[in-house]
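In the two complexes below, chain A is the common chain; its partner is chain B in one and chain C in the other.
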Partner chain A sequence: MDFELKRLGFTLLGLLIVLNWGLLMGAAMRKIGARVGKRYGIPWFQPWINLVKNYAIRTSLSHGIMFYLGPVFRLSGGIGLFLFMPMIIGSQLWLNYSFQGDLVLIMYFQFFGMLGMALGAGEGGHPYSAIGISRGLSQFTTIELPLTLAIISIAIQYDTLSIIEIVQAQQGGFMNWTVFTNPVATIAAMLSLLGVLSHSPFNLVIAPNENPIGPPTEYHGSFLGVLQTNRAILHVVEAALFMNLFFGGATNWFEFFAKTFLIYFWSVFVGVVFPRFRIEQSVSWFLKVPLVIGVLAVILYM
Partner chain B sequence: MSLFNIDTDRSKYPQPGEDGKLVVDLDSHKYVKLWQGPNHPGVTGNMALELTLAGDEIVQAKTHVGYLHRGFEKLIERRLFIQGMQTSIRMCVAEPDTNEYVYCQCVEELSGIEIPEMAKWIRTLVLEMSRLQSFLRVVPGQGGTTGLGIGVQWGMYMRELILDRFEELTGGRIYHMYFTPGGVRGLLPDGFKKRMEESLIEIDDFVKRIDDVMYSNAVFKKRTVDVAVLDPRWVDKYGIVGPVARSAGFKRDVRKDYPYLIYNQLDFEAIIMNHSDIYNRSRVRWYELQQSVDLIRQIMAKMPDKGDFKAPTPNVLHWEIPKGEAYVRAESSRGEYGLYMVTDGSDKPRRVNLRGPSYTQAVCLLEDMLVGANIADVHSIMVSLQTCPPEIER
Partner chain C sequence: MSEEKNIEQPSKQAKTFENPYYAKREVTGPDGQKFIVDPMKDYFSDECPTVHEPNSIPVVEKFLNWARAESLWVLGFGTGCGSIEIGPLLTPRFDAFRYGVMPRPTPRQSNVFIISGYLAVKTLKRVIRSYEQMPNPKYVLALGSCTINGGMYYDSYNTINRLDQYIPVDAYVAGCMPRPEALLAGFNKLKELIKAGKAENANEYAKNFDWYKANQKKIIKDWNMPDYNW
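Let's turn to the complex of A and B:
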C-alpha cells in the first residue's frame, strides 16, 4: 500500500484513539474530583452518553452562518493541532503530518479555535457570550506569552523548531528530558498549562456562576456536541505537546497514555483545591510569575 | 495606568446629574445593561439583578423580586392557628425551624401558655441544629461562589449527617414540624446523643479542613479580602443584623440581647470582627458554626433526660385566641428573625408579619454594595449576605 495512504489511515485511527482517550481521561478526572469531595461520581462511560445525546439534538435557533461555524472552527483548531503533532516517536506512521518547523504551526493552532469561537459566539449577540469572549481572549493572550518564551528557550537549547527533533534529543534516559535539562522553561510552561487546560484557578471564562458558560452560552445540542468533541481531543493533544517538549515524548501507546494522564492530572490536581481568579487577577498573575520565569528561561539559553 | 494596576481614571464612568443620581446614557454604548437572574446559577434564589456595567464594573444595580410570591402571610391569616404551622415553615426553606419557633411562641404568648422546661431544652437543641445545618451549607458555599467546589461537597456531606439526626428526631429531613404550640412532639430517641456526638466529631474535622482549603487559600483571599466592604453606617440605616452586622463590629445577637428558651444557661459570646468584607463575613459564620457545635454539646450535657415535653392546649380545631399582639424574635443563621402576630379573638390570626434579615440585606444593602463591584463578584457578594428570597416575598 502507498505510504501516504497508510499514513492517512493511521492518522485517522490516531484521531479515534485520541478522542476516546480524551473522553475516558475526562471521566477519570471527574471521578477523581468526585472522590476527593466524598462523592461517587459519574459512570466512566458518561462522556460517550453525553456526546451521543448532544449530537442527536437538533436546534431551530439561528444567529447566522458564523454562529454555525464557530464550533466548526473550534474543532478545526483541535484537529489541526492533532494533525501536526507527532504521537509516537520511532514509528513513521504515528507521527501524523509533523514536519520541520511544526512548532510554529502548533502555536498558531492553539489560538485558531478560540478566535473562530469568538467570531461565532459574538454573532450570537448574547451579552454573556461577549463577556466570555473578552475574558477568554485577554486571558489566553497572557497564557501564551510564558508558553511561547518557554518554547523559544527550548528551541534555542535544541537548535530546532521541529517537535520530532526535540523529542529525539531527549532520548537515551530520563535525565535527558527537558524537565531536567531546562527546568526553568518547564516550570514556565507547566504554569501556562494550567491556563491552557482551563481548570481552576484560571477557568473564569467558562464559570457558571460568575458569568454563565462564557462564549458557548447559546451553543447547545449538536453545537455543544462538537465543542465537547473538541475538548476531548484538545486536552489530549495539549498534554501530548507538553509530553513531547518536556517529558521525552512517547515510544509506545502505553507510555503515551501514562504521560498524558499525569500531565493532565497536574491541572486537575491544582484545580480541585483552588478557587478561580478573576480575569484581571489571572492576567496579572501570568504577567508577574510565569512570564518572568519564561524570560529567565530564554536568558539562560541565550 | 501601569501594567499591573487597574485604571483609576473615573471620567468615563457615569457622573451624578442635578438630582444626585447617576446619569447612564445607554445609547452612548459605554454601558451594558445585563440581567443576572431570575434563573441563573449566580443568584441565591428566585430573584433577579438588573445590572448596568461599565467594562466589567457595576455602576448601577437594581434588585427585582416577585418571582416567588406565594402570599404566606395572607395564607396564614386565613387558616386556623394549628394550620398556620405548615405554611409558616416554608417562609425560609433553608432554615425552617426558626419559623416553627417564632410562630409557636407567638401563639403561646397570645394564649398565655408556658411550655415545659424539657420542651425549652429540646427546642434550643433543634434551633442550634438548624443553625448548624445552615452554616454547613453557606460556609463552604462561599468558596463555591469562587469555584472552590470541593468544600461545598464536603459541607453537603456534613449537612446530611445533621439531616440524618433531624430525621430520627422528627421524621423529616428539611421540614420538620417538630415544634407545636405548647411544646414539642416527643423526647429524644434512645442513643440520639451518642449518634449526634459521632456526627459532631466528623464536623470538627471538617472545620479544620475547610480552614486549610478555603480560608488559608491565597486565591480565595485574593477574591474576598477587601471586596464588598460594608460601610458601618449602613448597619443602622438598613437594619442589618446577624453575622453581617457582627462582622462589622456590631455586637448584635438576639440570643444574648433578648435571651429566649434556655440560652441564658449556656456559655457563649457573640462573635464579632471589625472589617466586614466577604472574607470576614464568611469567617464569622465559620466561627459561629463551631459555636453551634459547642452549644449542641452543652445542651446535650446539661438537658434533663426526662420530663413533660408539651403543655396542655385547647382543642386545636376550635382554638380561639383572645385579642392581642405579640412580636417574637430568634437568632437564625442569618440574624434576627421576627414574627409579629395580631389576634382578634377569633380562631385565625388577624395579621401576621414576618421580618427576615434578607428583606433589607438582599434588596437595599445589595443595591448599594454592588456599585463599584466586579461583575464576577456578584454571586460571592450575595452569598456573603446569605440572602434568602422566599423570606423577602412572604
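Let's turn to the complex of A and C:
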C-alpha cells in the first residue's frame, strides 16, 4: 500500500485512540475527585453517554456564522495539535505529520483554538461569555509565558525545534530524560501544565459554579459536543507533548498510556488538593513563580 | 399631618410598567454613526417553537433515548424550599452523579428542570424564560405538593397552584418536602418515561403553544418580554 495512504489511516486510528483515551481519563479524573470528596462518582462510561446525548439534542440555534465557527476552530486547534505531534517513537506510522520545526507550530496551535472560541463565544452575545473570554485569554497568556521559556530552554539544550529529535536525544535510559538533564525547565513547564489542563486551581474560566461556565455559556447540543470532543483530544495531546519533551517519549502504546496518565494525574492530584484561584491570583502566581523559574532555565542554557 | 397631604395620590388609571432598557431608542456609535436599537426585536428571537420529530428509525431513537435517560443534566435553578434537597442529592450521602445526574449552570446545556416547590408569580416568569431557552428534548420534574395543587399555599395570593397549566410536566414527586430518595425515585421514573419514548413534552409545548401562552399571560401581569424568547 502507498505509504502516504497508510499513514493517513494510522493517523485517523490514532485520533480515535486518543479521543477514547481522553474520555476515559476525563472519567477517571471525575472519579478520583468524587472519591476524594467521599462520593462514589460517575460511571466510567459517562463521558461517552454525555457525548452521544449532546450530539442528539434536536434544537440547534445560531447567533451568527462565527458562533458556528467557534467550536470548529477549537476542534481544529485540538486536531492540529494532534496531527503534528509524534505519538510513538520508533514507528514511522505513529509519528503523524510531525516535521522539522513542529514545536513552533504546536505552540501556535495551543492558542489558535482559544482565539477562535473567543470570537465565537463573543458572537453568542452573553455577558458571561465575554467575561469568561477576557479571563481565559489573560490567564492563558500568562500560562504560555513559562511554557515558552521552558521550550526555548530545551530547544537551546538539544539545538533543535523538532520534537522527534528531542525525543530521540532522550533515548537510552531514563537518566537521559529532560526531567533529569534539565530539571529547571521541567519544573517551569510542569507548573504551567497545571494551567494548560485547566484543573482545579486554575479552572475559574470554565468552572460551572462561577460565572455560569464562562465562554461556552450559549453553546448547547452538538456545539457543546464538539467542544467536549476537543477537550478529550486536547488533554491527551498536551500530556503527550509533555511526555515527548520531558519524559522521554513513548516507544509503544502501553508506555504512552502510562506516561500520559501519570502526567495528567499530576494536574488532577494538585486539583483535588488545592481550591480554585481567582483570576488575578492565578495570573500573578504564573508571573511570579513559574515565569521566574522559566527565565532561570533559559539563562542556565544560554 | 400637613406633610402627608402634600403627597401626590397615584392616579386611578392602571399603569403599565415599561423597562427603559427594553425601549426602542437611537444610539450613537463610536464613529458618530447613528442607528436605531429595538431591544425587544434585536436581543430576542420571537419565533414560535417548532415541533422536532423524533428520529424516524426506531432503533436509533431508542438508542438516543437511552443516552438521554442516562445523562440528565439538571438546570441549577431552585424555585422554592425544595431546592434545599438538591444539595444533599449531589453530595456524598445520596450522590446522584451515580445515575448520570449532573447540575448545569445554563439552560442551554440542561435537559431537566426541577421545579422545586412553590412558584411565586415573579418566579414563574423566570421559569418560563429558562424553560424556553432549554434545547428540545427537555423534561420537567415537579417536586412537592405545591406544584400539584398548591399544597400549603393553595390560597396564597402570589403563588400558582397547578404547574401543568403553565409548562408541561413529565413527572411529579409528591410530598412536603420529598426527601432526596423520593427525588431519586422521580429521576428513575423520568428515565423510564424517556426510555419508553413517552417524554416528548417539549413537542407538546410547541403544539399547544397558544394555550400555554394564554394561561401564562393570564397570571403574569407585567409581560415585558417577547412571547417566545430563545
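Here, the second predicted complex is superposed on the first by the 300 of 302 C-alpha atoms of A that agree within 3 Å, B and C clash if a C-alpha of one lies under 4 Å from a C-alpha of the other, contacts with A are read in each partner's own complex, and residues count from 1 in each chain.
What we mean here is this: contacts are C-beta pairs under 8 Å (C-beta built on N, C-alpha and C of every residue); 3 or more make two chains touch, one makes a residue touch a chain.
This one's a predicted model, so the numbers in the text were calculated from it and none came from an experiment.
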> In the superposed arrangement, does A:M175 touch chain B (first), chain C (second), both or neither?
Replying inline: neither
>> Between chain B and chain C, whom does A:K38 touch in the aligned arrangement: first, second, both, or neither?
In response: both
> When the two structures are overlaid on chain A, which partner does A:L13 contact: first (chain B), second (chain C), both, or neither?
Replying inline: neither
> So, does A:I65 touch the first partner chain B, the second partner chain C, both, or neither?
Replying inline: neither
> Which partner does A:P127 reach: the first (chain B), the second (chain C), both, or neither?
Replying inline: first
> When the two structures are overlaid on chain A, which partner does A:V104 contact: first (chain B), second (chain C), both, or neither?
Replying inline: neither
> What is the contact status of A:S200 with respect to chain B (first) and chain C (second): first, second, both, or neither?
Replying inline: first
> Taking the superposition as given, does A:L262 touch the first partner, chain B, the second, chain C, both, or neither?
Replying inline: neither
>> Per the contact definition in the header, classify A:F277: touching chain B only (first), chain C only (second), both, or neither.
In response: first
>> With the touch criterion stated at the top, can you tell me which chain A residues are shared between the chain B interface and the chain C interface?
In response: 34, 37-39, 208-209, 212
> For chain B, which residues count as touching chain A in their complex?
Replying inline: 3-4, 6, 32, 34, 40-42, 56, 143-150, 152-154, 157, 213-214, 217, 219-220, 222-223, 374-379
> Taking the complex as given, what residues does chain C use to touch chain A?
Replying inline: 43, 45, 52, 63-64, 67-68, 70-71, 76, 91-92, 95, 97-98, 100, 102-106, 108-109, 111, 135-137, 230
> Which residues of chain A touch chain B in the complex?
Replying inline: 33-34, 36-39, 127-128, 131, 200-201, 203-204, 207-212, 272-281, 284, 287-288
> Can you name the residues of chain A that touch chain C in the complex?
Replying inline: 34, 37-43, 46, 49-50, 52-53, 56-61, 125, 208-209, 212-213, 216-221, 224
